[in-house]
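Got a structure for you, questions after.
Labels A, B and C are assigned to the chains in the order they are written; within every chain, residues are numbered from 1.
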Amino acid sequence: MTTPFTCSLAELAQRLGATLVGDGERRVSGLATLSDAGPQDISFLANKAYLKYLAETRAAAVLIHPAHAADCPTARLELDNPYLAYAQLSRLFDPFNAQIASGVHETAWVAEGVSLGSNVSIGPQAVVEAGAVIGDDVVIGAGCVIGCDSVIGEGSLLHANVSVYHGVVIGARAILHSGCVIGADGFGFAHDGGGWHKIAQLGGVILGDDVEIGSCSSIDRGALGDTMIGNDVKIDSQVQIAHNVQIGDHTALAGCVGIAGSTKVGRHCMLGGGVGLAGHLTICDGVQVTGMSLVTNSITKPGVYSSGTGAMSNALWRKNAVRFKQLDDIAKRLARLERDNRT
Amino acid sequence: MTTPFTCSLAELAQRLGATLVGDGERRVSGLATLSDAGPQDISFLANKAYLKYLAETRAAAVLIHPAHAADCPTARLELDNPYLAYAQLSRLFDPFNAQIASGVHETAWVAEGVSLGSNVSIGPQAVVEAGAVIGDDVVIGAGCVIGCDSVIGEGSLLHANVSVYHGVVIGARAILHSGCVIGADGFGFAHDGGGWHKIAQLGGVILGDDVEIGSCSSIDRGALGDTMIGNDVKIDSQVQIAHNVQIGDHTALAGCVGIAGSTKVGRHCMLGGGVGLAGHLTICDGVQVTGMSLVTNSITKPGVYSSGTGAMSNALWRKNAVRFKQLDDIAKRLARLERDNRT
Amino acid sequence: MTTPFTCSLAELAQRLGATLVGDGERRVSGLATLSDAGPQDISFLANKAYLKYLAETRAAAVLIHPAHAADCPTARLELDNPYLAYAQLSRLFDPFNAQIASGVHETAWVAEGVSLGSNVSIGPQAVVEAGAVIGDDVVIGAGCVIGCDSVIGEGSLLHANVSVYHGVVIGARAILHSGCVIGADGFGFAHDGGGWHKIAQLGGVILGDDVEIGSCSSIDRGALGDTMIGNDVKIDSQVQIAHNVQIGDHTALAGCVGIAGSTKVGRHCMLGGGVGLAGHLTICDGVQVTGMSLVTNSITKPGVYSSGTGAMSNALWRKNAVRFKQLDDIAKRLARLERDNRT
């Protein structure tokens, strides 16, 4: 059990560069939505859809844009981007940080000659193999395995049961969630007419700084040359990144995305849940793809892209899906009718 | 190696509340399909499609509905729901249960002050962190990691290499399969115009009673407030449940389903394999969605829903898929022709 | 750190059965693409698209088809299938093999009576439960768990944190990547009108020889009878194989594929990324399915199959996707117009 973090409104205003209206001495110990907040909590208004909850909030104070200040029934911290301020405060109130023990746990196994930075935490039953380099302030959770010669940048946090293969380079301040696998072999085989011959995957994986990888996601190592994930790239759970993919800085991939081999995704892109990108494509900067779309061609203009069809009742869908198989025929018949009508 | 379980037909009839027709002393040691069963096995007829195998079955006895009793060439246990009876018997014949050792394995690591119920089994190399509460008759498999302050309800079974984060509450009789991850961070970031700022995920995950989670599935913790999985919810492998999702009692999700943040799924729903639900939706009770459908709007009526198109030959598909991009144009041209024809 | 492997061109030519043109004494220590190769590397030309890089390659030698020999500016190894030769060489240059320690690691736990072949390597924190049979030259990575009575065939390599349940049979020379789970319960429940009753999954999983399974993939055990994966089957990451699926020899499944229960896939099939197969289907030999297609009917003719629609701009897509819901109506109206025009 950990002692909850508490903080005065004045302190919070100072941290956030906000204008405080209300009692600066008042202390808060939690962060909650407008409707759930109690008198010990601070809350935030980041979306007009929640304005309806503002009048009745029981929060001690609200992070709010000056434009809505007049509607706030309680103390407030005024600033331009309340959602960003919420993000900043959320990290103060996270009990997880207080639970991390420092040092190498007695049941962990660290090979001789591993380079350990200062203030490193290696959890129970974790394994760090020969030649690995672990930066300052790194946390390696219980049951993690760090392969030979891999490098974990300073301040990175690996939750329990993460697998990092050999020869992987992870930048500073990464957050890797349980069950994710960095550096497994890409899917490469040569065919001899009868069967498959494995192509050893000799490249590595390079993660930039400030990368987050969700639970049970896979980032495969390169065949020749490395798979490269840029700085500040955020990857959700259940994602598959194949060998030699490159992802530009600040790009975000939602859950269940799959990217096939050698595709390059630009900077500041956003791929919705379940999106699939075929191999060997180039997606330019600033592209958004909506959920479950399939992309089989390169994209050269920023913008929003989609494919597929939305759900409808199964009875209606059955009729329409059958017609999809006749669509080319329908188009030709329509063109014929148009010709006939013209003459 | 474990001694196989054996049981007399009379005992089985009593357990199941079935009417036995045949020799009650006869013992069986296995459960098999009608076509695979040998003379030591009991079998079942739960689907008319398998009636053709009934006449030639070598099973010692068959679980069968009275309507088909006349066709049964061997001893039979008559009851109304043979498939349910098969489910009940299957658990008797599962060798896995006999393989579980009790007690804390010598290579496991359990933090001081963890609350352990009676008859708990903690497997080799498992980790239970500070403040966790482990109920009676819980089995924690080899290599599992249970985070700080998490609660595992009585009778729950965690197979090998499950990761449970801190502050997660799991009800009674859960079954969690290997590689699943309960309580990883939801995918939440604020954007400052240039890049991403992490929103600490301060909520937890609450699983009701009798929940099963498949291998390599992810149930993310809430941002504020908890992700909630109801009682008797069954979740298959490779499923992604995002932060603050709520799933009603008795709902079943097949493999590879993805549900985006804050969506609420009702009770008694069934989502087929690979279905994707967008975020912030409400799906009412009693909804079925067929495989690989994308749902981007809330559903307010029970029923069956679908999207997408079925597979066809690639040559035909190429022609039709091109026409899909012209569909709005086709519809407009058709309307124009109709107008022209009318005048 | 491992000493890099080096080899003379003459030796390589002999291993590959290639015709060497150039200095046989020259030694190489790496393998790289034509454009990345330096003077210590060997390279290959396996695709005409890369011919443009041939003239300026700095490689010590190139694996090349005799048809292109005249264009090669450096030493060459001529052979009919340079891509296959690249696959063969790649395994020589893989540093991973040199990093494997032999013997049972001091922190591993192996149950009494486990059968261990010769030259077995069991990594740190790994677990091998009672009754398991581990073949000669098997490598079990750090943190792996092998369940009771499972069999691992000779020469198989399990990377870190693989979970193999009880009663699973894995053939020779398997490669299992981190986070994959072999033998978790299939998704089977009987419904009693109110809720779900678990069907214990009494079958196992049988993997043939030369199977590779990607990271975080799930191969579920059979309900009754086994899930069966043929010889030389290659399965990528994030794949879900449900209970009682059968996959024929030499078939390859790309990332994120999902196959529902009891479906049989033939030999020499290739399923693209994200493909979904419904349950109880039969897919004949020699079928290819393109990425993200949904297959809901059996396929009886070899060939290439597809479904879905490709991505387009969201603005265009919105118009067309709405029309998809009217497609049956459009088809009927077109037929009516045709009738009217004829009369």
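To be clear about the criterion, a contact is a pair of C-beta atoms (placed from the backbone, for glycine too) under 8 Å apart; a residue touches a chain by one contact, two chains touch by 3 or more.
Chain identities (UniProt): A, B, C = UDP-3-O-acylglucosamine N-acyltransferase.
Note that the structure is a prediction, hence the values are computed from the model and not measured.
Annotation: the chain B:chain C pair of sequence copies touches via predominantly different residues, less than half of the used numbers being shared. Simply put, chain A must spin 120° to overlay its Cα atoms on chain C, rounded in steps of 5.
Centroids of chain B and chain C (each the mean of its C-alpha atoms) stand 25 Å apart.
Residues of chain C in contact with two or more other chains: 107, 125, 143, 161, 179, 216, 238, 256, 274, 308-310, 312, 324, 326-327, 330, 334, 337, 341. Within the complex, the chain C residues that touch chain B are 107, 109, 125-127, 129-131, 143, 145, 147-149, 161, 163, 165-167, 179-181, 184-185, 187-192, 194-202, 216-218, 220, 223-225, 238-240, 242, 256, 258, 260, 274, 276, 278, 288-290, 293-297, 299, 303-310, 312, 316, 319-320, 322-324, 326-327, 330, 333-334, 337, 340-341. Of all the residues in chain B, the ones that touch chain C in their complex are 1-2, 30-33, 36, 81, 83-84, 86-88, 90-91, 93-96, 99, 105, 107, 123-125, 141-143, 159-161, 175, 177-179, 210, 212, 214-216, 232, 234, 236-238, 249-250, 252, 254-256, 273-274, 291-292, 308-315, 317-318, 321, 324-328, 330-331, 334, 337-338, 341.
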